[in-house]
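I've put the structures underneath this note.
The two complexes that follow have subunit A in common; it is paired with subunit B in the first and with subunit C in the second.
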Partner chain A sequence: MKKTANKIYQIAKFTLLENLKRKNFLILFLFVIIISGSGILFSMLAPDKEVRVITDLGTASIELFAFLTAAFVSVKMILQEMENRTVYLILSRPVKRWTYIAGRFLGIAAQTAFYIIFMTSALALLLLIKGWSWDFYLVGISISIFFKVLIVISFSIMFSLLSTSSASSFLSIFFLWSLGHFSDDLLVLGEMLAESGIHITPLLRIIYYIIPNFNILNYKDFYHVRAPLSANFLFSCGYALGYSLVVLLISVILFDSKEL
Partner chain B sequence: MTKKALLILFLLFTVISFNMTDKSPVYPSLFTKEFPLSTPGIFLSSTLGMRRLAADIVWIQSLQYYSRVGRIPDSTVVNGEKKLFPELIHYWQQVIRLDPLFISAHLTGPITLGWNLERTEEAIKLLDESIETIEKMNTLLDEKELLESEIEHLLMVGDKRNLEEVKWKLLTLKTVLIFLEEGEVGEASRELESIAFKENAPEEIRIMLAQIYQQEKSYDEALKMWLYINNTTRCDSVKGLSARKIQKLKKAIFLN
Partner chain C sequence: MKKQPLIIENLSKTYLQAHIGRKNKTRALRGVNLKLENNEIFSLIGLNGSGKTTAIKLILGLIHPDTGKVKIFGNPHFSSSSKRKTGYLPEMPYFSRNFSPVEILKFWGSLSDIPKDKLKKRIHAVLNYTSLTGAEHKKLNSFSRGMLQRLGLAQALLSDPELLILDEPMGGLDPRGIIEIRDHMKKLKERGKTIFFSSHIISEVEKVADRVAVLHKGKILKITEPHSRLEDEFLSIISEHEKNSK
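What follows is the complex of A and B.
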């Protein structure tokens, strides 16, 4: 057990260091430029609502950057290793396939966590300069973003095992991301269509339950209504964690049956 | 076998967690609202879970649209009369429909329409929508069992108190606009005084009150109000405007 945990740790560490070498973190500078620029811009455009607008833009950017890096890195890394056959180097050692998947997942998750912490700190610093008084909700929003991205990483790994094209994998993940945020509207759409005589509500309801519901973790839009770090918050994070583990396990089953 | 057992276990965990979460939407669906200014960005933001940001963007667009600095104001002719900023009501409607809890938008919109542009009918239409929205949101938040367990959270307590207060502010503003329409300026200023010094009162309410004092030649009161605005504002143009008004009023008081 200890040996397996050590192997997962080594793969995760290797993934993290490999991504740092690839200089993906340069995207963080782009984030800093965007929020610094927005700080100057919104002080002119919306001086009364400066803090609100910077918080909204900042948290939305954190989420978008975290999503993009996690999706790109996961898809690219697995697909590249399959194409270059470098995956053999790892699997030829006494490493089980599921350990490889778990290690990759944890490595990318650690990298994303590091990015989110960096971006949240930069945003908090800018907000403090602008006169914001510290509130824990910013940490709550960042945690909720991290859990949303965990689902994205697990799906990215699964899609990269199913597909041979990084473009199609990425598009599938983006589509899922949108649909996951649109899930509440799906039910309303179903009711509206039913009023017009089109009865697809049961189908939409099935889709609603199957796709990941990103709305329940959308604390950046609802932080002033739903308190972070409450029981509901913990259940939402539990849902995201459970969902990622299910997808990850499906990926492991797929990877086991894949002929390399 | 172990993997399948684990899969079932994780699946169960996910289903239980999902059932325990509060899934009721906080905001009404965008499909249930009309958006007079067709902006594809709204739906894009909705699908990316960025509704607050979308409301912020439309808020800035509204301010830009209404800003007269260095531009010819947008206008149209209705019944032989020139109507300035005809789309302004739609901009404000768009903001409050995107984010029903955007309190400043609920208050600023009717003031710009009713006081600055003297279109009381449009202002009251917007106020009625705001009052209805705030009532609905208050009921929605009250009905959530989960929120009761979270009531101790500072943010939550703040918001729940605010919603009642916001409704009261909106009703006061509606009364003020009706008084002004009927020429009962004294009554209107008394109503405004009750909300102008509240922490969350928008600047427009204070400016409106200062202008009423000035119209009524209550120069001392007007000076006090402009001084208060000058000390509290974060907007450069309002700071400039209040400084000019203070100078003028000091002269007027000296001459009297």
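What follows is the complex of A and C.
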């Protein structure tokens, strides 16, 4: 067990190092430019409005950047490793296939955590300069984004095992990401269609329960109205973690039967 | 008595490829049987697409057989104890170009169950053996094809395995690279290792192998000892088989 845990740790560490060496983090400068630009652009607004606009734009950018980097990195890394056969060198050693999946997942998750911490710190710094007083709710928002992205990473790994094209894998994730933000609307749509005589509510209900519900982790849209960060928040994070684990388990089953 | 390094029994593999609603079947290996003796260099020769890489992938557990068994030193090929005793050099090894040999080898070593206190010594030994000392901290993006092949060999030797599986080790190398690999194989044999390698460069196989198996369309047609007219024999075995199967 200790040996397996060490191998997962080594694969995760190598994943993190590999991405740092590829200089993927340079995309974070784009984030800094966007929020610095917004700081200048919105300085003509009243101070309270300015902070509000920067907070909204900043948290939305954190989510977008975290999503894009996690999805791109996961898809590219797994597919590239299959294509150039470096995965053979890992699996010809005493390494179980599930260990490889777990290591890659944790490495990309660690990288995403670093990115989110960096972006949140940059945003908080700008807001403090603009007269904002420190608020832990911002940390809560960043944690909720991290858990959302965990689901994205697990799906990215699964799609890259199913497909040989990075474009189709990425598009599938993007579709799922979009659908997951409108999952509540599926139920409303079902009721509306039922009124018009189209009875597909049971089907929409099944889809509603299968696709990830990103809305329950959507705390950034409620920053100004203060949705409580208590038990609900823990439930949301637990949901994301559980969901990611299930997707990873499916990935392990797929990878176990995959012909390399 | 030492157990046989590699035993392959009735190994078969069919690839299924889905194509616009149709499934195409390709029989890559058909009932292959092989037994390797300790401390021998055994070569699998065949034309492109004869099933050499499929055989190696099956031995390493990268793909699953339809039928048959593979045993490495008496244990199933997918067991950790088998993998600890096996070193593998892929055809055209690829490494992340932003790392140095030492960084890459540390990573591979950590996955090979080499104790931490021994890993440093092993890295030094394999770098020295493959003449990569001096370039151990250089980034791999400055490495030539031959240097990458030597690094590939270094990672295969890292855990000091008893059985080495080399997939087309001379493929894509210049004459000096080919001689280097051939010399390494001979030296490794002197050190007591067993080597199983695939190749289609028959002139090289006859210089280094102790036994040769001719693989054609997934079947072992003959197991023979190398000699100066191996290429002619190889071609005549294949053409005879083609004639008989018509």
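Here is the rule we use: the second predicted complex is superposed on the first by the 249 of 260 C-alpha atoms of A that agree within 3 Å, B and C clash if a C-alpha of one lies under 4 Å from a C-alpha of the other, contacts with A are read in each partner's own complex, and residues count from 1 in each chain.
One rule holds for everything that comes next: contacts are C-beta pairs under 8 Å (C-beta built on N, C-alpha and C of every residue); 3 or more make two chains touch, one makes a residue touch a chain.
Given the structure is predicted, the values throughout are model-derived calculations rather than measurements.
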item: Clash or fit (per the criteria above) of subunit B with subunit C on subunit A; value: fit
item: First (subunit B), second (subunit C), both or neither touched by A:Ile198; value: neither
item: First, second, both or neither for A:Tyr223, with subunit B first and subunit C second; value: first
item: Which of subunit B and subunit C A:Ile206 touches, first, second, both or neither; value: neither
item: Which of subunit B and subunit C A:Ser257 touches, first, second, both or neither; value: second
item: First (subunit B), second (subunit C), both or neither touched by A:Ile33; value: neither
item: Most subunit A residues touched (candidates subunit B, subunit C); value: B
item: Contacts of A:Ile117 with subunit B and subunit C, given as first, second, both or neither; value: neither
item: Partner chain(s) touched by A:Leu171 [first = subunit B, second = subunit C, both, neither]; value: neither
item: Smallest separation of CA atoms, subunit C relative to subunit B, angstrom; value: 17
item: Set intersection of subunit A contacts, subunit C complex versus subunit B complex; value: none
item: Subunit A contact footprint on subunit C (complex, rising order); value: 15, 57, 60-64, 80-81, 83-84, 86, 88, 90, 93-96, 98-99, 103, 107-108, 110-113, 155, 159
item: Subunit B to subunit A touching residues, read off their complex; value: 3, 6-7, 10-11, 13-14, 17-18, 20-23, 25-27, 29-32, 46-53, 56, 59-60, 63-64, 101, 104, 141, 146, 149-150, 153, 155-156, 159, 202-203, 234-236
item: Of all residues in subunit A, those that touch subunit B in their complex; value: 42, 45-50, 52-53, 56-57, 60, 63-64, 98, 135, 137, 177-179, 181-182, 184-185, 188-189, 192, 213-216, 218, 220-227, 230-232, 235-236, 238-239, 242-243, 245-246, 249-250, 252-253, 256
item: Residues on subunit A engaged by subunit C in the complex (per definition of touch); value: 3, 6-7, 10-11, 14, 17-18, 21-22, 84-86, 88-95, 257, 259-260
